[in-house]
Amino acid sequence: MDGLRLLTPEFVLGTLAFLILLADLWIPAKHGKVLFHLALLSTAVGLGMLGLSFSAPAFYQGVGSLWVVDPLSLFFKVLILAATMLSLFLAVDAKRPDDEHLGSFGALMLLSAVGMMLLVSSVDLLLIFLSLELISIPSFILTGFERGDRKSSEGAIKYFLFGAFSTAVTVFGISLFYGATGGTHLLKPLTHYVDAPAPLFLLACLMMLVGFAFKVSMAPFHFWVPDAYEGAPTPVTAFLSVAPKVAGLAMLLRVFTRLIPHASLDLTALFVFLAVLTMTIGNLTALWQTNIKRLLAYSSIAQAGYMLIGFVTADTLGREGVLLYALAYLFMNMGAFAVAVAVGNEEGYELQAYDGLAQRSFGLSMLMTFFLLSLSGIPPMAGFLGKFYLFAAALKGHFYILAFAAVLNSVISVYYYMRVAYHMFFRPARTQAPAKTGLYLYSSLAIAAAGVFAVGLYPEPLLAVIRSSAAMIP
Amino acid sequence: MGILSLTIFLPLAGALILLFIPKEKTAALRAVGVAATALAFLVSLIALFLFDPSQPGNELTMRLTEDLAWIPSFNIRYFLGVDGLSFPILLLTTLLSLLAAVYSMNIQVRVKEFYFWYLLLETGMLGVFCALDLFLFYFFWEVTLVPMYFLIGIWGGPKKEYAAIKFFLFTLFGSVFMLLAMLALYFASAPHTFDMMALAKAHASFSREFQIIVFLGFYLGFAVKIPAFPFHTWLPLAHVEAPTGVSVILAGVLLKMGVYGILRVCYTILPAGFEWFLPFFVIIALINIVYGALCAMAQTDMKRMVAYSSINHMGYAMLGIAAVSSTGFAGAALQMITHGLITGALFLLVGVIYDRAHTRDINAFGGLAAKLPVYAGLMSLTCFASLGLPGLAGFISEFLCFLGAFPAWKIYTSIAVIGILVTAAFFLRMLQKVFMGPINEKWAGMSDMDARELFAVVPLAALTVLFGVWPKLLLDMMNPTLSLMARFFPDMFQGLR
Amino acid sequence: MTLFENVHWIALLPLIASFVILFLGRDDSDKSLLPYVGITAMGVCLIHSLLILKGFLFGGFKPYYRTLPWFSFGDFEMSLGVLIDGTASFMLVVVTLVSFLVQVYSLAYMHGDPRFKRYYAYLSFFSASMLGLVITSNLFVFFACWELVGVSSYLLIGFWFEKDGPAYASKKAFITTKLGDLGFYLGLMVLFACAGTLDLNMLAARAQMGPEYLPQQTAALAGILFLVGAAGKSAQVPLFIWLPDAMEGPTPVSALIHAATMVAAGVYLVARTYFLYAASPLAMDAVAWTGLATAVLAAGMAVVAYDIKRVLAFSTVSQLGYMMLALGAGGYTAGLFHLTTHAFFKALLFLAAGSVIHAVHTNDMRQMGALSKQMPSTFITMTIAALAISGFPFFAGWYSKEAILHAVWLRSPLMWTIGVLTAALTSFYMFRLIFLTFLGSSRDAHCCEHAHESPAVMTGPLWLLAVLSVSSGWLLEHNGLFASVVHFGAEAAAHHSEGGLHAAPAWLPWAALAAFVSGLAAAWRLYAREDLSLAAGIKERLTPLFAMLENRYGFDRFFLMLVSASDRLASALAWFDDQVLDALFIDGWAVITRAVSELQGLFDDLFVDGAVDGVGIVTRNAGWGLSRLVRGQVQEYMLYAALAVSLFATFLMTR
Amino acid sequence: MMEAAFYSLTAITLLSALGVVLARNTLHAALLLGLCLAGVGGLFATLGADFLFGGQILIYVGGIAVLMTFVVMLAGRASELHLRQVNDQWLAALLICGVTFMGMQKIIDSFSNTRAPATTTATTAGVGRILLDEFAVPFEIISVILVAALVGAVVFSRPRAKRDRS
Amino acid sequence: MTLSHYLAVSTALFLIGLFGALTRRNILGILMGIELMFNAANINLAAFNRFLHPSGFVGSAVAVFIIAVAAAEIVVGLALVVAIYRAQGTLYTEDIHLLKG
């Protein structure tokens, strides 16, 4: 039970989420927006707490019983809360059918975020499992939140079924893991199992992996992604595309590169294959998409594939690469979704909605272009630096096939990213009215754009942070 | 802020200013766009006075250098500098940018965006030729892609979207391999660095096999840009579909990035890889020359013909490089400049007639020489320059390329001269069909060139003549660097000497 | 020695004049006074050249050589320079004189042309290039000027570009000579690769130092390559095809370019690089045989031509072959002597022909006849020229042809025999031309009745040239004047020119005279009468021969075939580029994605559908690649996941 | 005794499980699910995990299976007798299951000599202690998860919105 | 009784559940299949606890958590099912196909 203090931010945030749930009962629907502000405030408080953790490492960082709080987890927690905050920004200005249950919306998002924060700190399979559930269940609900929308329900049920299915497999894996090691804790010496893995242990790891892979949308466990992303309300899509993915990656980094190194299980080749498969499937399938959310969904799969490079190489450079890429990804993907929200409010999410956007909202389409270019890894945007880092890690670790596949994939990806630009710039506009945006949307766009360019143009201060954040306690 | 930075970022500043001008004020937008390019040109002219072409010592001395730490984590530096190889191209870039910007004042739609992308493009191009850090080089290299995509895709011809994405994908395809190669170099060097100068000094520490692989990575990037057979297929379409001003930049400057890269990176840093590849390289050069010329001969679209002739002309430059001698290098470097001037002018002139007739079909004209004497004169001059008429710039550079290559590659060079004949054939055929014979009455009302067009073309024509009779101006700037480069590896490339 | 120090102005003055004419003044009509700028410049050059020649002939001038750097590249330097020796001084006079006369003549001939001014600009530009070629000391500059000569001839041949004929002819001339130029170009490279310089003086010095400095193979190769270049410019076999077509240009242009100057450039090139040929018997033989073949084949074609200018054109080709033959046979002096005299009488022939054409507005000799009364000056001067070219004793051509035949006899009696035969043919076709044009009956009244003598500005040059055609041979041969100035090396001159006279049998000159007389007689018999049926009868009997001659031995057809073959090749390559290569890249990854989707379809059919319903493979797999994998069925997603897990597990457990 | 209990419970569990996945009538499936879960509870009992047995009966059989049955009955039309309750991919699924089982055989066989130690402890107290001590935080989390699930149930079972966007 | 017996049962149950999840056309059927898979894991946990690690209670404790999570999932799942049924009148997976590609 020691080290509870390490989880202070999570406790605070969880409590705040409950308070918001309560407030939802009191505040009438027409003032529902207040609840969003409360949720935003909560994330701000959470970020503040994390700041505290940074500033007082002796007290707020360390090893707990089932969890550790180290620079790596803190970095990802900040990332998760930032993603939550930006998603809430989008939610404020996104069109909604009505203003009911907005408290639940915010609270669920916060709870999900708490789950992710726990996940990145977990060093126990039980805690990992429960964190995953704490992420998933609010996510299912958020996905189906627009109950008037059949697509929303459909996305939710598919997401749910696939999620439950992979949870079941994971649970079976955990049970086997327990059988092999006699516990669920990952911090105790596992060298015996790791150095000469028995079939039981291997199978356990493999089956557990299904749930983790599901979370980071690693192929071939990615099929739910496009459906859930398309069905979900767009702010939720933005949230889902960033936060759980980076949290899952952080967990993978901790568990499968440090605690049970995949190299010692001889799983590296498998992960190389999966990484290549993930980015390739994501990119190739994205080529045919005509819906921006679906396109971004496949793109997010591909992006996960790139991030897996750092996971595969499992060295410091790779880990730093994942950190940097995750940060860049936060900015660029959030930015892209912010534009999607702005356009989608009136025009929907088919690519035709973007026809001639450059003539209607020049700034918006420029920003979208920059975000997409960043996603495809063109300098001077942040995505380029992230890719640069990851490719460097791949080459340094002699994963040539991986590097090769990754660069080819980034070429392919340009095709569909630029197809959005094609719609925005090359097609004639159908209306002349500029896309509707709001203050919050503008702020999120500004934050995203600033992030994308700052990381891309002068990354040095950030790299220092990342180098220190790449440290893990165990 | 050094003068190179100033040159590079002046256009960018212009682009940013453009963003704050309402899009209805087209006159102001055009003025800012042209002014930014003009300023960049002026600054580069000032740099001409500061530039010292001499090369004391046995290692390349870069001039006007600027060196700042940028991303120390990767030992990446903001390292700029020019030598006799890059500086002339830098001047060419600023000049062509200015002229094409002036010519593009006839763009009527979405002026703001046009000049925004255009200026961004110029910044990227200038950066490529100044960068001495591989990372920075790649950075600028990629920066050129996006504006070009939009410039072709928005203001281009009927198949503009296809051409734009094709250009983008092809070039990116090449350049990502360059990225990998660059990273491989980084990790192979000790201490890890992207500094081209340091890497060149360390070339002996890279094994031959490593150099070959890394070379291929870089080559892929450069070959697409040159464009070297068989990676050239993006070029005809992109050139044809791009608006005139952009075609000028595309042919005049962007293709040079490839040749420049071969000399700057492949040759100096990876001599063993280059040596290994040389037999293939010279064959590719030969194919470029003969195949490019023959393909050009089959075209009836003037712009397409000029585009294919670019493939042919870049083949000469490659042939010059393949010589690995001071003569060949001088030829290649000069060819880059002269091709930029001549082909730039050719594209402008094709644009002039397209603006009037809305067709570029060679067979659609006839007898225009009587109607448009000035145009016919300039066009003939430029065509003759392109086919290598003495007294015009193309002749000297072409001759030097051949002269350099001949001792090393006798058979190939002898076959390559066929390219000269074919080039002459298609240019003359074009002149005959467009300007000679009975006048096509359809174009009886056509007017001769106006001031804007003359402003864009005449400087190019004048420089073509100037460098044709006085190549010393350029060669003296280039020679010290190129001679030094040719002497870099005394114990390699033995088969050629 | 200011004559020499300013010798470069001989080339630069016409150049400046050309630009002055082109860019000054808006009036492009014949009222413009700017052409006089060109004429004046050429006059100055003529005087300058004459002074230099005088210096060489009587003042004991030594060859003059001066260079200054032009540009440097790599470790080498290219120089601009002048090299004036006896050969060059003669060439200078020939070029400036003919050019001057042609310019004067054109004042009348081109009167009324809408682009009168531009014509003079071109003429001056041509002269400048040609003179540059003559004086330069550097083969690279030589080549540059050579090309400029080519382009100015392109402009002049195509001067009346509104007509398809000139437009086509100018292109043909340019391309054909360019084909030869490739040889020249490669020759330069061969020499440079060996010697590291293209300076004539240095190269010659190197050649004299012996074969280790200029290996025989190199000399042979370079020599033959230069011969190819010369064959293009001087219209030698097989590249002569452009010259007859080039007659589409204005006649004064033909006189200037295709009689006296440009076509002589090839001969001049061989002369200037004679040290190569001296070093290589093989190259020498190549020159001789090329010349001989050209001489006889062209003479044959001249016999059957009816276009007055084409007859002259073929005649020119034939005479150029003669010069080549002389050079190839070692008759350096003889060849250049013929070059000089030929320039005068051939220019005269062309200008006279121009005078005729100017009068009757046709080129076809079948429409002419009996013009001698209307155009006495033209008739007399042209007859003089014909006598000169045919080798009438003591006329200019007689001396030079004698010298050539001497040289050739020493080389090979067989060559000599063919040479004499050619001389007979020459005499025949020249008088055929004279008789058809000026004697007999007026065959086309429409053309001939308005014919009248040309103005003095045209006949003046004719008479001047006529005087030269008669006298120049004797003047120059007298006391070995020409040979004293124009010779290749000291020994060579002695051996071939003076020494040769003693070795040849005495009856040799009489054979040439017999050839002249027989040719003249045959022409008289066939053409100097009103009734041409005899000639027609012969033609009928020898139809295949005539057809072959009229088809120019099929050379034209061969080159046309070459052109169309390369066109077809170009089209094929362009198609390949557009349809195959491009598609390969663009569709390459489309193919890959399709393959992936096929695999997926296979999987579907085996497992997912196989049991129950076989939805057609075709409809399912047509098109969308991987996105077909996601058909919105959540259980399919699970199936893939489960399959993956079980595959991975099997993989792990079994390894 | 133990063996008889084990085999009979196994038979109940697996047979009813097969019934769950193969039954044409969903209502039957739901009822069989209850039986199957009870069988699993029995297996827990044979393992001496009495706390688990209690939990299984209370939560699974008493809660989940009953809830499931309610929903099946609620969605009456959907659970009507249907021609086929199994979809097109049964062959593939069967193959996967078969292959996986054969793969698992190796692991299962490796424990063929592992017998239970003689001593058993009353697990309820032990489990309770561990839940409140070592796994206190997870215990908190599970409560949060359950609340979230309840919120979800509330959100989804709200009355339908006025306009249907599809 | 050996551990093998229990493992065999749990594996069989897991695979039966898997088969159900993969093949039932009805969402409820899929849910039931998934429940079976959860239960298989629980049998494993209890059996391992009893046979291999009798000194601790971690296995049983984890099983308790799994039961609770399963309950939570079922709650959400059934709520969703009800919502979908109300909206679309069907629970057959092939009828739910708005989202694809």
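Should a chain be cited, it is by its letter among A, B, C, D and E, assigned in written order, with residues numbered from 1 in that chain.
Operating definition for what follows: a residue touches a chain if its C-beta (ideal position, glycine included) is under 8 Å from a C-beta of that chain, and two chains touch if they have at least 3 such contacts.
Worth saying up front: this structure is predicted, and the values here are computed from it rather than measured.
Asks: Tell me, which chains sit next to both chain C and chain D?
Replies: Chains in contact with chain C as well as chain D: A, E.
Asks: Name the chain whose C-alpha centroid is most distant from the C-alpha centroid of chain C.
Replies: Of all the other chains, the one whose centre lies farthest from chain C is D.
Asks: Which chain pair has the highest count of C-beta pairs that touch?
Replies: Counting C-beta pairs in contact per chain pair, the top pair is D-E.
Asks: Between chain B and chain E, what is the gap in Å from one C-alpha centre to the other?
Replies: 65
Asks: Mind checking the centre-to-centre distance between chain B and chain C? Centres are C-alpha means, answer in whole Å.
Replies: Roughly 35 Å separates the two chain centres.
Asks: How far is the middle of chain D from the middle of chain E, if each middle is the mean of its Cα atoms, in Å?
Replies: Whole-Å distance between the two chain centres: 5.
Asks: Taking each chain's centre as its mean C-alpha position, how far apart are chain A and chain E in Å?
Replies: One centre to the other, that is 26 Å.
Asks: Where in chain E do residues touch two or more of the other chains?
Replies: Residues 17-18, 21-23, 30-31, 42, 47, 49, 52, 56, 58, 61, 65, 69, 72-73, 76, 80-81, 83, 87, 93-94, 96, 98-101 of chain E each touch two or more of the other chains.
Asks: Scan chain D for residues touching two or more other chains and write them down.
Replies: Within chain D, the residues that touch at least two other chains are 87, 89-90, 92-93, 96, 100, 104, 106-107, 135, 138, 142, 145, 148-149, 152, 155-156, 160, 164, 166.
Asks: Going by the touch rule stated at the top, which chains touch which?
Replies: Result of the pairwise touch check is A-B, A-C, A-D, A-E, B-C, C-D, C-E, D-E.
Asks: Quick check: in the complex, which residue numbers of chain A touch chain D?
Replies: Residue positions touching the partner: 1, 4, 7, 14, 18, 21, 65-67, 97-98, 100-101, 104, 107-108, 111, 114, 118, 126-127, 130-131, 133-134, 137-138, 140-141, 144-151, 199-200, 203.
Asks: For the complex, which residues does chain D have touching chain A?
Replies: 104, 106-107, 110, 133-138, 141-142, 144-145, 147-149, 151-152, 154-156, 158, 160-166
Asks: Considering only the defined contacts, which chain D positions touch chain E in the complex?
Replies: My answer: residues 2-3, 6, 10, 13-14, 17-18, 20-21, 26, 29-30, 33, 36-37, 40, 43-44, 46-49, 51-52, 55-56, 59-60, 63-64, 67-68, 71-72, 74-75, 77-79, 82, 84-87, 89-90, 92-94, 96-97, 100-101, 104, 107-109, 111-117, 119-121, 123, 126-127, 129-131, 135, 138, 142, 145-146, 148-150, 152-153, 155-157, 160, 164, 166.
Asks: In their shared complex, at which residues does chain E touch chain C?
Replies: Residues 18, 21-23, 30, 93-94, 96-101.
Asks: Would you tell me which residues of chain E are touching chain D in their complex?
Replies: Against chain D, chain E makes touches at 1-9, 11-13, 15-20, 22-26, 28-29, 31-33, 35-36, 39, 42-43, 46-47, 49-52, 54, 56-58, 60-61, 63-65, 67-76, 78-83, 85-87, 89-94, 98.
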